[in-house]
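Each in structure tokens, the structures are laid out below.
Note that chain A is present in both complexes that follow, paired respectively with chain B and with chain C.
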Partner chain A sequence: MDIIIPLVDASSYILILIMIALGLMIVFGMMGVINMAHGELFMIGAYVMVLCQSHNLPFWLGLVLAPIMVAFIGLLIETLLIRHIYQRPLDTILATWGLSIALKQAIVLVFGPEAQSVSAPVDESFSIGDFSYPIYRLFIMAASLFMIIATFWIFLKTDFGLMARAVIARPHTSETLGINTRRIYRWSFVFGTALAGLAGALIAPTISVDPQMGLGYLVPGFLSILVGGTGPLAGVLAGAGAIGGTNSLLSVWVSPVAAQIAVFILAIIIIRMRPSGLLGERDEK
Partner chain B sequence: MLEIKNLVSGYGEATVLKELNCTIAPGGVSAIMGRNGMGKTTLLKTIMGLVRAQSGEIFFNAVPIHSLPTHQIAHKKLGYVPQGREVFDKLTVLENLRLSALGSSKENLQLLPQIYEWFPVLQERSSQKAGTLSGGQQQMLAIARTLIGRPEIILLDEPSEGIQPSIVHEIATRLKKIALSTGLTILLVEQNVDMVMTMADHIHFMENGEIRETVGKEELRNSDEKLRTYLSV
Partner chain C sequence: MKNNLFIIFTFALLAVMPLILSDYWTGQLNYYLIYGLFALSLSLVWGYGGILCFGQAIFFGIGAYVMAVSTKGMLSPVPANFYLGLSLACMAAAAFAALLGSFLFAGKGINGPYLAIITLAIAMVLERLMSNWYALGGYNGLLDIPPINLGLFSYDLEIWDSRPAFYILWSIVFCITLLLGWLVKSDFGSLLIALRTNPERLTYFGFSPLQIKLKVFCLSAAIAGLAGALFVTLDGFASPTLIGFTLSTEVLIWVALGGKELLIAAFLGAIATRLAENWLSELFGDYWLLILGFLFMVSVVLFPKGLIATPIQAFLKRFNSNKNAA
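Take a look at the complex of A and B:
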């Protein structure tokens, strides 16, 4: 039983990481935008839950409102900032880094610098024999899994996804076929931010919500993409599995610091051996 | 009718097209010939908005299109088959065709049976990844993909490039038939003399970013002096 709980914890962490990394990957793979503010969008999702709790709104309503509000912020960011710097990765780093600082400060101004907590809607645990695990954490896993499958379905099975994959592969050719690449970029960006917002909202009851929480997820999110590869979306699964699994399990079995060191060493080794990531392909554009 | 007036275009500070004027009448096939680096591809890219015109005007059916974004130019019924085909390698043949319908109108998927009649090999390979097709088949896919959008004119950039001669001839005769039966206008940029002679009604010779001369096919057939002058063949 000693091993099952850490494994379930690791799976939960990996699923949340996949949601964050998918958002990052869509935005980077498609638009060449390295979104340093992605962690802050995740944080805002959690703060929407804080806000709902302080106004006595139902938890589940918060879970619906968080991705919608973060998506709206994403739409503003895309319109005012990101669309001016598409396909200029270095500029996007600087611009979104600045944005991340601004968003953090805005949260400090509104909510203060101290950590906040959000209560889980259910406190009970699920038990089979000796195994007992909080129901809410199982819900996080189910909801994350659902969103990950939904994301894959949208990008692999729908017309929007087909256009998005075409735009990633050959933006100019897609334009000549009449596809409005700007619109595809915009809604993909908004979708990616909504995923981050939902991830933040889902995880809010299990962590302390503070203005710095985004970075702790942004870094492993980026590492997941680097390790998994920036080609197919499935690379995120492999990357987040490797990074999240190592981080989570070693944190329990050894120490959080050792886990961090191991994660970076693992990332360096994988990137050294496979520069385009575990499932990545060479850029053929 | 495609009208190009005093078009100046290029890349950064390098001007490629220098006050180019050209009119392409509706129906039939016009070819643009010229040596490498004379600006043929730049002309097609500028018409499609992929390279921005520095000055001058482009009208299609009397509507100015030179300041429109590329996807809106496509919506005006201009189709473009780029050099090197640029099919979506990782998507299936059918997905490649579907994309063009999504970019124009989903109703255009009704054209699929007609497309498959013109290019039967695409139906046989509809579920195959486009990257696994031969060069000739990819060219057919690139052309079919453009035709799905029901264009009034298609701009073809060096369709013979990297394709074996027998397939080039097959594509040329099929395109000519399609143009005759549908009233489609074709603007063909090509260095392959056989393909031009099979398809084109008029030939515009291009040199140093300008159209220098326009001749009918018969004139070209009777004298190869023009080819020597403009293509060094």
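Take a look at the complex of A and C:
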């Protein structure tokens, strides 16, 4: 029995990490934009839940509001900031870093620097025999799994996804074929931010919500996409699985510090050895 | 030459500052000089070499800890000496950079955004590591680090006052700035610009980009290490935040705001940002970081060359064209 709970915990962490990494990946893979403020969007998602709780709004309404509000912020960011620097990918790192500082501080000004907590809508546990697990955590897993599948469905099965993939592969060709690349960029960016907002909202009851929480998810998210490879969307699954799984299991079995150090070193070695990621094809020239 | 003119002018102006400033502000200026030195190291590797290092504090922190450990006499066979500590700090930082660089840059290598993320991750790991390394003070850091000590051969000459300390730091930073100013104008500087703009052609001409990258990475690390070492002699305190992620991103902001492609602009960027922080954080309180974040975004989007470098370069251009006309 000792092994099941860490395993379930690990898969729950992996699923959240995949949601975050998918958002980063859509933006990075498509537009080459590194969004350092992604962690802060995730944080804002969680703060929407704090706000809902303090206004006695139902929890489920918060889950709907969070991605919508974060998507709206994403739309603003894209219009006001990102679209001016598409041509300068390295500058996006700096500009979004400035944005992340500003967002963090804005949250401190509104909610204060101290950690907040959000209570889960259901407290009961689910148990079979010796195994017992909080229902809400199972719900997180189901919801994020659903969103991950939905994302894959959108990008692999719908017309929008087809156009988006065309824009990634051959931006100029798709433009000449009449695809509005600007619009595709914009809505992909917004979609990525909404995913981050929802992830933050979902996980809010299980962690302490504070203004510095974004970074702790941003860096593993980035390492996931670099380890997994930026080519196919499925690379994120492998990357987040490797990063999240190792981190989560080593935290239980050894210690959180050792886990983090081991994971980062592992990730750096993998990225160095296979620059195109675990699932990326080796470029043979 | 005209670049050097700016450097000399700036430092001459700095040199008279302690005569008019209070003790408190002279003490602050000492810190700014060190931050300026740290900014120079990043400007060299990023603005000139084109290597975006998101973890420059790695080297600052290594320098700080090596200096702390050696001047506190914790490396027992090695005597505790100021000069020895400084050179050990530089060497340790450069050695770590050589190790890291040869791992990251060799072969196909990692560059651009990947390098930024990886150096960021390394800074985070090292901060975690230092917080849990109890022999080196752990989370609380190392206290009571001796101040600058100019004494030689068992004579002690400890500098506790901020004014003499200022002139010592001033001369060190001035020399390094002039040296770097000369370096970036030399043949090596041209190689750095080639490395940043077109590494393929550099290979084609028979140069090894890896060698150049490693050299500039190590040199920049050594300067950052020196800055870290000087910092702990001033502060008397080495803590995990010196090696970590926050300081790494702060220096990035100073350099980007000032102008990464002009050494003196990066240096002034550090001083100006720290100064502004000192004044404005009292004035605006918690709004200061918000303003800094927005200022940074605006400067990246509208003035990618930096807020200080843009006017300086415009001035130099006019100066040159006037001279040509005359």
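The criterion applied here is as follows: the second predicted complex is superposed on the first by the 279 of 285 C-alpha atoms of A that agree within 3 Å, B and C clash if a C-alpha of one lies under 4 Å from a C-alpha of the other, contacts with A are read in each partner's own complex, and residues count from 1 in each chain.
The rule is short, and it goes like this: a residue touches a chain if its C-beta (ideal position, glycine included) is under 8 Å from a C-beta of that chain, and two chains touch if they have at least 3 such contacts.
Given the structure is predicted, the values throughout are model-derived calculations rather than measurements.
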Going by the touch definition up top, name the partner, chain B or chain C, that contacts more of chain A. C
Per the contact definition in the header, classify A:F126: touching chain B only (first), chain C only (second), both, or neither. neither
Taking the superposition on A as described, I'd like to know which of chain B and chain C A:I179 touches: first, second, both or neither. first
Identify the partner contact of A:W187: answer first if only chain B is touched, second if only chain C is, both if each is, neither if none is. neither
Which of the two partners, first being chain B and second being chain C, lies in contact with A:F139: first, second, both, or neither? neither
Let me test your reading of the model: by the given contact rule, A:R88 touches which partner, first (chain B), second (chain C), both or neither? second
Thinking of the overlay built on chain A, is A:A166 touched by chain B (first), by chain C (second), by both, or by neither? first
Common interface residues of chain A - those touching chain B in one complex and chain C in the other: none
Chain B touches which residues of chain A in the complex? 159, 162-163, 165-166, 169-170, 172-182, 284
Chain A partner contacts - residues on chain C that touch it in the complex: 52, 54, 103-104, 108, 110, 112-114, 116-118, 120-122, 124-125, 128-129, 131-132, 245, 249, 252-253, 256, 286-287, 289-290, 292-297, 300-301, 304
Please give the residue numbers of chain B that touch chain A in the complex, ascending. 48-50, 69-71, 74-75, 79-80, 82, 86, 88-91, 95, 98-100, 102-104, 145-146, 149
Can you name the residues of chain A that touch chain C in the complex? 28, 32, 34, 81, 84-85, 88-91, 93-95, 97-106, 108-109, 215, 219, 222-223, 226, 257, 260-261, 264-265, 267-268, 271-272, 275
